[in-house]
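As written, the chains take the letters A, B, C and D, and residue 1 is the first residue of each chain.
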């Protein structure tokens, strides 16, 4: 069996980690048990580019148990958990991933997935989809369909679709309510601070926290900044409706050029580039800390930071100190990459449970509807979404109401007045 | 000039109230000043069924100043502010509204609006639209278009549209982001508790608050319950995704049958009927308080409460005490009608500013596009929505960022990887 | 029977209000029932200067039922509820109170209480204690003891004590944990905003709220400002430790001179004078709203505001609009008096339940220890305090743990290590 | 120079960590610079038993720079950061500490401090004070004074004092407002969850969190549980006043026997033993997680847990899985020791800045008042406390108001009325 990981002897440690994830992923475990008999993926090659974490491992094992052959590469050069990678190899997954890859190595791994000719393609950020469409478009005809995990990836795929270049159907798992409303908001909200605390052990109480972007991720980060006691939570936005929502949610809003002067901690979550750049670094206080929660490491514009600095050093494992020419020191966390994945462990299992239950169900849906789906970026069917939510509530011991027959009629009707 | 209000001598008191609203409605005031010269509504008859409050008055004055003739009826028998009604008559509006109408009187007022043959129809709950479609469908041909302010009304109108019965285009002002995300959530969230406090002067801290429905309104109410110190905030939902969102937002979720046993205060915001009914009253604690924040007074099912009670009395202006056969006492606020409108003053001016700026702009849009709009329930154009948000931010002295040229290109492109 | 109230015919309306308070004051009701048989106050004259509200009425009725004769004056010229005053006359209390007194009338009422030669003296703000010590010191020898409800009053009495002038023992009911930690924080915190909303119907979400003073009252107000969605909550303090606590509680801190420029709503809760004064009015934004939550109407320094204004008018019942010479408009609520008492109904019954249970028990304690208490301002005995807390928890259906025997020993011992 | 640490080659890594702490401890750094010239501790032996962290290192360096000789042992067998210990040796501190000591080794280190005959004794938990008083009381005469960092330690020392056994003056640094109100509440509040997240990577949103104890530590933990989105935060207390405060702060209160059935995560912060014990383990849900934030590892009663279990295994570095005889699994974090110190890095530098500024100033105060202090457990002088607060605010760029002369007079006076 072909694979490439850091150290296979880490497998048992990885297996223990995965067992903890299994405890906290009740929905996916239920699906795994359910489909391990019928094995609907029997003989199907599933190729995935996902962060190689213990939660991804539970998804990979679910595919294996459901009959699939599976190959996996990491979706970020710094995010792979090497012990988990090793454990997955032992479980039979073709893993091409290790922590601390070069850009070249990263793409080498992606090419391994492509070479293997996957029939279902799972992606996180659309690098694999892009690679196939750009360099291996001949492979597309044998692909049943793909999924995409992130907002950023969906934007890229929709651009492909608009240009008429999309070659296989894609389900935007990111757009499942039970994915983006929970994963992006609660998962990233918590884990971003988890990453910041592991990297710095700073006290958030009393700090001025600047959050760039008030999408789902930014909303989650702002809420947790408030919940951890920040004395000011400042939101930076370009969209007036989101900006206004931030204001009414109890946050300050201002341009980055103003926020730069007062912030203690800056967290980017926009999906855009150069959100914090030269003109902002120039105004920052000595001791300012920069972290990124967006998919790519372009939000804090490092070339500008380098250009302004006379020296830099690694002061703690995930803290780089830049000493600027004027003597101020600015601290960049995790080299501007996803702080929650690099300095902490990414999303908690509990949210990945739903994201990956959606991944699994979306893959199954594409397989069952093979050949009949349009060449589009589709949202997941709402029934799957609601099923995931129901299973999650049940796993928490929570019951909800259902409408009475009279109520169902009432909401359908329009002929009743004051 | 034809009108019917309680007492014209209240006009000066009403005018003072309206001037306070004008201070707090900067967006609408800006539009009013802007269009008072060109008078684009010159000669157009605008018929409105809206809660007759000081904020509605600012909208009515904006139409008048923009050249319209205006007739106004109240959209709820208990929500009219009589002094404001009087002041509007003095400003030249045909007002048919007074506080404490019978059902018959309520519809008499609506008929007066219809008789007057309005060309643009503004509604809040769709009673006027329903009346026209049911009894005066011949009038529809002279109607340029309509707007609808509430979620409930939009549901009713969409039902009409589905059945192919809709006779003029309607803009669902409710669906403007700057309306429903703000008005329903922040406006009703605060004013519901304002109503409860004015009615009861209860301490919210330490209480168990049950919120039925976790739509925008329910979200706002739950957030404020938490913000006022409730020791438990319990959400009741029928939709599993919303239920799960409530859980992850930090609230308890359970069926009403369980919540009924522990709640101190029950607030309904579902848009459905009989959400609190016999089986729930039977389990409630002595002293339970019931309030409704939904459009119609059907959410707390009063017939069941009456049937279970051996006596009732009005203990405070907006508090009815029901003494049940077993001796327990249950307190119903505002007769089960919208507690924020009946016991308090409805939405604060600041949110109505945006809702009514949307009403005004939507009316203008329909006028400008007369004859070319489809017979549908449409969402407001996003440009209008963003314009309202921008004006609001400006009025608060808040500046936001705009994307650099490079950023604009970046978000459009898809060919960039890790 | 001697008394002076506005209108005796309001008695039945007052009685209904009082019955609602009785529902929400379970601790005091329990004490009232308990002592209505033994009548420990039989023949004792209890003279009280308290805000004449429905909650005070429940305390007065408890004294009456326990055998006392009772005389009552209001502790603020604007805070009396006339219907409650009337109902209390019917219950046998000598009431001297009506809403809207002149300063002269206010002191006339206090003199009526003094003339009546009370043996136990209940006060709220220490005006009665001051009056006795300044003008009627000969009366002191017949006074068993006094109580004081407020922080401000306790400060005044301690000054008297320090100067060796205190003539009878006083229990600082304010210092009971079950009073000041709850009444000042949760009671005033909520009711201050209740008053502001009733006066203005403003939206708190999105506003910049400035709170002067971070004592118990200020803490409560700041927490509720946050809970209602203010986008900035700014605390102004003179004490560095409290200022730092505010920062770490997640609030901004700055001097009033800076806060004046950015605040939308200013709320004073310092117990000091001229906290908002000329130099601050000069910097405020057009539309700024001023409210006071401190005992005396000296915190917003009205003479300065008058001096800066070219006109003023009453725009709503509790809103005075000052038009400054430069055209800006500043809005003063409730004439700078306690906004929660003037524009709303003061503390909710639930907190007064504990304050007044302490008043009742402190009075009983002084009576039982007549002659043996020192001429000091004493804190209430901790057993009474804990008894009130226990009864309150029970009334809410809440059980708590008690230590096991082993745990009790453990916390007493010191000979156990790591 | 005598010392015993794990590995001296870790020193440079430790030094980098310490430089990060120095960045975040502006108050202590200011004092360090201030006293490095006069060297008031010249020739004085300072013996300390404190958690050996980067923040403690900054304190030790301040003593060294101020002229002292310093010996340091760890105050917990599991809390030492070995790299910091190494760096301190290089700075000239006699360090006796390494991570993962046996009980015997722990006391061996304490004996080394005693042997060294310290003149000023700094302690955290009073193990050193106890050791001196129990076994080396002859040493006491040469001790100028001691300090104590924790609530638990102060309780033990007060017991000694009550029994008349205290042999040197002790300043309860814990009782400085700038220590206990910040360190215990904000520091432990955050770092407890930091420890839990590092150990488990669980999602707090949606969880039922049970907090035992509502002192400063418990308050901080409960606030952060809420801030991280827990759907129920349940407080367990034995003191009725604290219990009631928890209720009014918006938390549920119930006995542990009830909480045991519904909790997902249990956190103890009582200072008492066996707060979670057999009767509670028996009721817990499968998957329950237990963490302790109190000083000693007695709050979760491990002997009971062991007795109920058929097996246990280390599933993650700080997670022990107990499999109970009935098949349920319960997860104990950090072996029941302080989760914030064992699984995370203890208090953030920002709070230790104040605690240790107090430690330093208290030591200096005892030195300056050598021989004139009573044999008591004293609170720190308020001037020192306020000085620390002022320096902290300044370091954050925050200015506060000071009273005007008129205001100072006003608050002193009592002769002003309504």
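Quick notes on this one:
Just so we're on the same page, a residue touches a chain if its C-beta (ideal position, glycine included) is under 8 Å from a C-beta of that chain, and two chains touch if they have at least 3 such contacts.
The chain lineup, named per UniProt: A, B, C, D = Adenosylhomocysteinase.
These numbers come from a predicted model, not from an experiment.
Using the contact threshold fixed earlier, the set of chains in contact with both chain A (Adenosylhomocysteinase) and chain C (Adenosylhomocysteinase) is B, D. Counting C-beta pairs in contact across B-D and across C-D gives the higher total for C-D. Computed from the mean C-alpha positions, the centre of chain C (Adenosylhomocysteinase) lies at a distance of 38 Å from the centre of chain D (Adenosylhomocysteinase).
Chain B (Adenosylhomocysteinase) and chain D (Adenosylhomocysteinase) have CA centres that are 52 Å apart. In chain B (Adenosylhomocysteinase), the positions touching at least two other chains are 186, 205-206, 226, 229, 247-248, 253, 396. Listed in rising order, the residues of chain B (Adenosylhomocysteinase) touching chain D (Adenosylhomocysteinase) in the complex are 205-206, 226, 229-232, 247-253.
Interface residues of chain C (Adenosylhomocysteinase) facing chain B (Adenosylhomocysteinase) in the complex, by the touch rule stated above, are 16-17, 19-20, 23-24, 186-187, 189-191, 194, 197-198, 200-206, 223-224, 226-229, 285, 287, 315-316, 319, 329, 344-345, 348-351, 396. Per the touch definition, chain C (Adenosylhomocysteinase) reaches chain D (Adenosylhomocysteinase) in the complex via residues 75-77, 103, 106, 125-127, 130, 134, 155-157, 159-160, 177-178, 181-182, 185-186, 236-241, 243-245, 247-248, 253-258, 271-275, 296, 298, 385-386, 389-390, 392-393, 396, 398-404, 406-407, 410-418.
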